[in-house]
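As written, the chain order gives the labels A, B, C, D and E, with residue 1 at the start of each chain.
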Amino acid sequence: MNFDFFRVLSYWDVLLNGLGITLLFTVSAVIIGTLLGFIISLMRVSPFRVLKWPARLYVEFFRGTPMLIQLFWIFFCLPLVIGRDIPPYVSVLLAMVLFMAAITSETFRGSLKSISGEQHDACVALGLNFRVKAINVIFPQALLRSIPPLMSNNVALFKESALISSVGIADLMFVSSNISSSTARPVEFLTAAAIIYFVVAFPATRLVDLVEKRLLLRFT
Amino acid sequence: MNYTFDFSVLVGNFGPLIEGLQTTLLLALGANVLGLTVGFVVCLLAMAPFWILRLPAKMFIEFFRCTPVLIQIVWFFYCVPILFNVFLDPITMGIMALGLNLIAFNAEAYRAGIQAVPKEHHDACVALGLGAWHKTVYVIFPQALRNAIPVLMTNGITILQQSALVAIVAVADLMYAGKMLATNTYRPLEVFTAVALIYFFMSLPISQVVTFLERRQDASVER
Amino acid sequence: AETTWERVKDAGALRCGAAIATPYVMKDPRTNTYNGFFVEMCREFAEHLGVEATFVDTNWDNIVAGAQSGRWDLSMALNETPERARAVAFSEPVSYYQVSFLYNKDNPKLSEGVNDLADIDKADITIAVMSGTVQDKAVTERTENANIMRLPGMDETRLAVMSRRADVLADANDTNLLFHHANPDWSVVMTPNPPIAPQGVAFGMNQSTPEADIQELNEFIIEKKEAGEIEGMIEEAAQLAVQQME
Amino acid sequence: MVDNINKQQEEETAKYQGAEDNSPLIEFKGVTKRFGDTCVMDEMDLKMKAGDRLVIIGPSGSGKSTLLRVLMGLEKIDKGEIFFGSNPYITVDRKGRTRTDMSVRSKIGMVFQHYTLFPHLSVMSNLTLSPVKVRGMARSEAEDRAREYLARLGMEDKLYSYPGKLSGGQKQRVAIARALMLEPKLMLFDEVTSALDPEMVAEIEKVMLDLAKQKMAMMIVTHDMYFAKKIATESVFIAGGKVIEKCDPEIMFNEPKQERTRDFLDKVLHLK
Amino acid sequence: MVDNINKQQEEETAKYQGAEDNSPLIEFKGVTKRFGDTCVMDEMDLKMKAGDRLVIIGPSGSGKSTLLRVLMGLEKIDKGEIFFGSNPYITVDRKGRTRTDMSVRSKIGMVFQHYTLFPHLSVMSNLTLSPVKVRGMARSEAEDRAREYLARLGMEDKLYSYPGKLSGGQKQRVAIARALMLEPKLMLFDEVTSALDPEMVAEIEKVMLDLAKQKMAMMIVTHDMYFAKKIATESVFIAGGKVIEKCDPEIMFNEPKQERTRDFLDKVLHLK
């Protein structure tokens, strides 16, 4: 069998377009999901059961089921449940946001927990009230510690986003299998797509490592 | 909400779901067997002193960690036969595609476990006259394994969940059975909810064990 | 309550569910524009209503659910099957459909050629179909021994035959013919006689669509048919499809 | 028995020259503190006068840290009460909940073994955070005062450094300055030198001796008996949740009355 | 200058009663060790006789640990050679690579500050691992010997405990027993008490004094000058990669010759 990887070049703009869609969905979901995740992590560390338990259940559920079924459920079932139409890109974004919020809330919770008891003691000894302690001492440290794992979460979401092709969103994955079949050249185009994903994700993971080392150097 | 639930569609249709579940378990189990064994070998290669061994292992790991599982599976299913002219049954292919992914992630878990063994223990081995082999077998590996277990288990559940992706290439797993049933009965809500719950209750006990193990390891931070 | 078309007019857009099936519904990957003769029909019907046609990507698994849940107003290129009739309302058929089979002539398992369904209904043969389509149902009902591989979209079914994960691709006769035109060197199409699952291809709508609205759509279709415009559209779409594959 | 000793000691220490202000500063009355089943403070009584520098010694796990943490309001108590001056400071209400007078708590400062500086804030911000945010002091005033304290501790050149860039001794000096910023009436030191290199120990002990000269009231937990002897105006030995011996440091370190104190000192001073 | 001092000191120490065996055990000749740009050992010369117990003191970062680690074969050196008895033990070959005589290395045992017991093995397995796996000793013989050593250190009841269940002092005793199992000719101790509670320090120091009575050759890095004085037959002060002073411990701790030694001791002994 002969391969013609030059074929890929003539479709580069289409593939890039797909990547654009992928990135658009990823970035939007990262922003909204991270904010939501932060709120959920606060619910989980709060002393009130009414906040704690729903948050815990939510996180366990979204971490305990395949993202594909979450996507399907939100895409097909949610409109039936609420009895209203939801535009497809909203469904997909919602699925990604909910998934992202579940994993980032764990990240935030981990960093909140990792702040030693001694820091809390020091706040008492300095007479800091809850507001100052939270805003000036605990959150900044938790946030700094969360940066590297949050960045990893973003890369993970970027990769997981390939799933949205399965409900017809024209992302990189969708576009490449679409071209594969219409040009009858799956090897070339699927390989190209894999390489594009890699080219974006690999430097990102390196960056995570770098930032992690920097932060460790500065704050320990 | 104007939807009337009808979970009775599930009653007569548990057969295909159970069959799908069996396939899902087989896929997850097979991938884990590959991941736990070969992952260890790849980890050793990635830590080898010779770049000839190290480089390909690292490239393998990075490639699988930095591309979506979906494209790995799709690529494996459609491109491998074209490229290499090999035809395996879909379940074997599924196990291999998922297994390769898990190998990469587990290799990293093993590596982290090995690196988490305190540097002082290497020194202690020298002071005790333990050679490289004894040190590795009796001191480093047992501790590394213990360190790695929670991550290995987490990776194991993740691959159980990722195995749902093989439905997209028509391997008849739980997700696929669910999709078929949803299409045939026109009852996606009931079917997908049931499928989601099945996945959830498979992952839950394992993730509870992981939480327990992590807590225990945190409690015994000592040299 | 408002009727469906009134609501569409208010919204200013006719939403059409698009699952890819050349030449009925196609999407040019380079420009992201939709074409195909069902797409044309949608555009013209939208014009008839005085609105824009918008297209919502979907696949064959979900094309019915989408109409049911009101995700779009019209499901394009839906075959009229009794099961679907229970879930959605159909328009007049726009064109006619039957199942054909495409295979690789170099496949050793099929070296003797395929003349009817019995030739491929063997335990070592895998037939790829788009899941949830009529060909899926038809082939499932009529075969006993062959393995059926249900894939979510046309892209995947074609990839399956190309990669020889599947031996035979069961698809609409028009669609298969086009694929054959694009790959004449290895593919062969067999159209069984008597035809398998001959039926109309129509628009699907939510069952709550008022009778009068359906009637309005039907009249529109019949008018086009009688004017002979449909054949022209099919021809045009087919040519476009072949071009795209090059 | 313990009560007897305490009374006897109080008479003796009253004569001791280091203690100049005889008004009571802190008084523990029958304070009991349990962690689950282990009773860390068992109906403990303890008095400290305003001019005192009280050194607390005792075996590991005897509850020295717990004593200081209770006083700082970091741990609840199960029974008893603690007075500050003549006001009740920490008490236990009818439902067994610990009540703390917050206005009193703000008069006590504490320095910990592991510095516990805020790593994301500069030295300056570490010092000014509480005065500005809680006490409502003007920022410029707080900064002036921070400069003054840091200069006094020889750290004027590290004003805008981050804690991660400082040595252990420097961190501990910043932690002391941070506690002093609130001008506490009483400072608590819990093994503040034991995480430091031996040479830096001398550095911090010098700072504490300087504070002693300024008549600051201190409670000090330390394992360095030589330093303890030098700084204390008063010393207690605690073990098993009780005050075993409380007396003049001269007496404690040279001829302890109690068998257990002698035992402990022999061990720690390597006399055995 | 350093050479001069060393010669002078050697004459003096020869008279010292503690040292009975005058044959050389360890000799450093011009050993240089760099970490990147910092030179931690700078053409260092050092001699130790077979009966000696050499205490090494010096400021933090002066290279005391590095000296012991080089001797244990844990660090490479850049120049110079080390003799064991009359045999070259560690040398540098023409290409700058460090060559270590493995048969000699197995005659040296080392105990570390942080115990470094293997947490996944019981006390017994910690002790028998090396004799059985490396020396090929029969398991029963190794276990007998382990029992003997543990009994000698008062640990006979913890034979099958896991390190996680032991106190710091107990862990350190096990670590010492583990090193002794190989019957080394020379034991290296690197601040073995500085991670321990003060009372446990006494426990471990007692064990070391017991070993001293049995004439075991030791090199000891410690920050406890009182203990140093008690155990040493010989002492060196190092700073800046050089041996600043090497002499009888009586002289070192009472009237050090060198300004820098005096300075250091004043600080550490809280005399300043």
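Just so it is clear, a residue touches a chain if its C-beta (ideal position, glycine included) is under 8 Å from a C-beta of that chain, and two chains touch if they have at least 3 such contacts.
The model shown is predicted, which means the values in this text are computed figures rather than measured ones.
Q: Spelling it out: a chain qualifies if it touches chain D and also touches chain E; which chains qualify?
A: Touches both chain D and chain E: nothing.
Q: Count the C-beta pairs in contact for A-B and for A-D, then report the pair with the higher count.
A: A-B
Q: So how far apart, in whole Å, are chain A and chain E when each is placed at the average of its C-alpha atoms?
A: Distance between chain centres: 53 Å.
Q: Using mean CA coordinates as chain centres, what's the gap between chain A and chain D in Å?
A: Computed from C-alpha means, the inter-chain centre distance equals 48 Å.
Q: Quick one: chain B and chain C, Cα centre-to-centre, how many Å?
A: A distance of 37 Å separates the two centres.
Q: Using the touch definition from the top, which residues of chain E touch two or more other chains?
A: none
Q: Can you list the residues of chain A that touch 2 or more other chains?
A: 76, 80, 166, 177, 180, 186, in rising order.
Q: Which residues belonging to chain B are in contact with no fewer than two other chains?
A: Counting only residues that touch two or more other chains, chain B contributes 78-79, 82, 168, 179, 182, 188.
Q: Sort out which chains touch which and give me every pair.
A: Every touching chain pair, ordered by label, is A-B, A-C, A-D, B-C, B-E, D-E.
Q: Could you please specify the touching residues of chain C with respect to chain B in the complex?
A: My answer: residues 61, 64-65, 68, 83, 86-87, 128, 131-132, 149-152, 156, 159-160, 162-165.
Q: Considering only the defined contacts, which chain A positions touch chain B in the complex?
A: Contacts found on chain A: 1, 60-61, 63-70, 72-73, 76-77, 80-83, 155, 159-163, 165-166, 173, 177, 180, 186-187, 190-191, 193-194, 197-198, 201-202, 205.
Q: Sort out for me which residues of chain B touch chain E in the complex.
A: The touching residues are 118, 120-121, 123-124, 126-131, 134, 138-139, 142-143, 146, 220, 222-223.
Q: Can you list the residues on chain D that touch chain E in the complex?
A: 59-60, 197-202, 205, 223-224, 226-227, 230, 264, 267-270, 272
Q: Show which residues of chain E lie in contact with chain B when the two form their complex.
A: Residue list for chain E touching chain B: 69, 72-74, 105-106, 108-110, 112, 114-121, 129-130, 133-135, 163-164, 178-179, 182.
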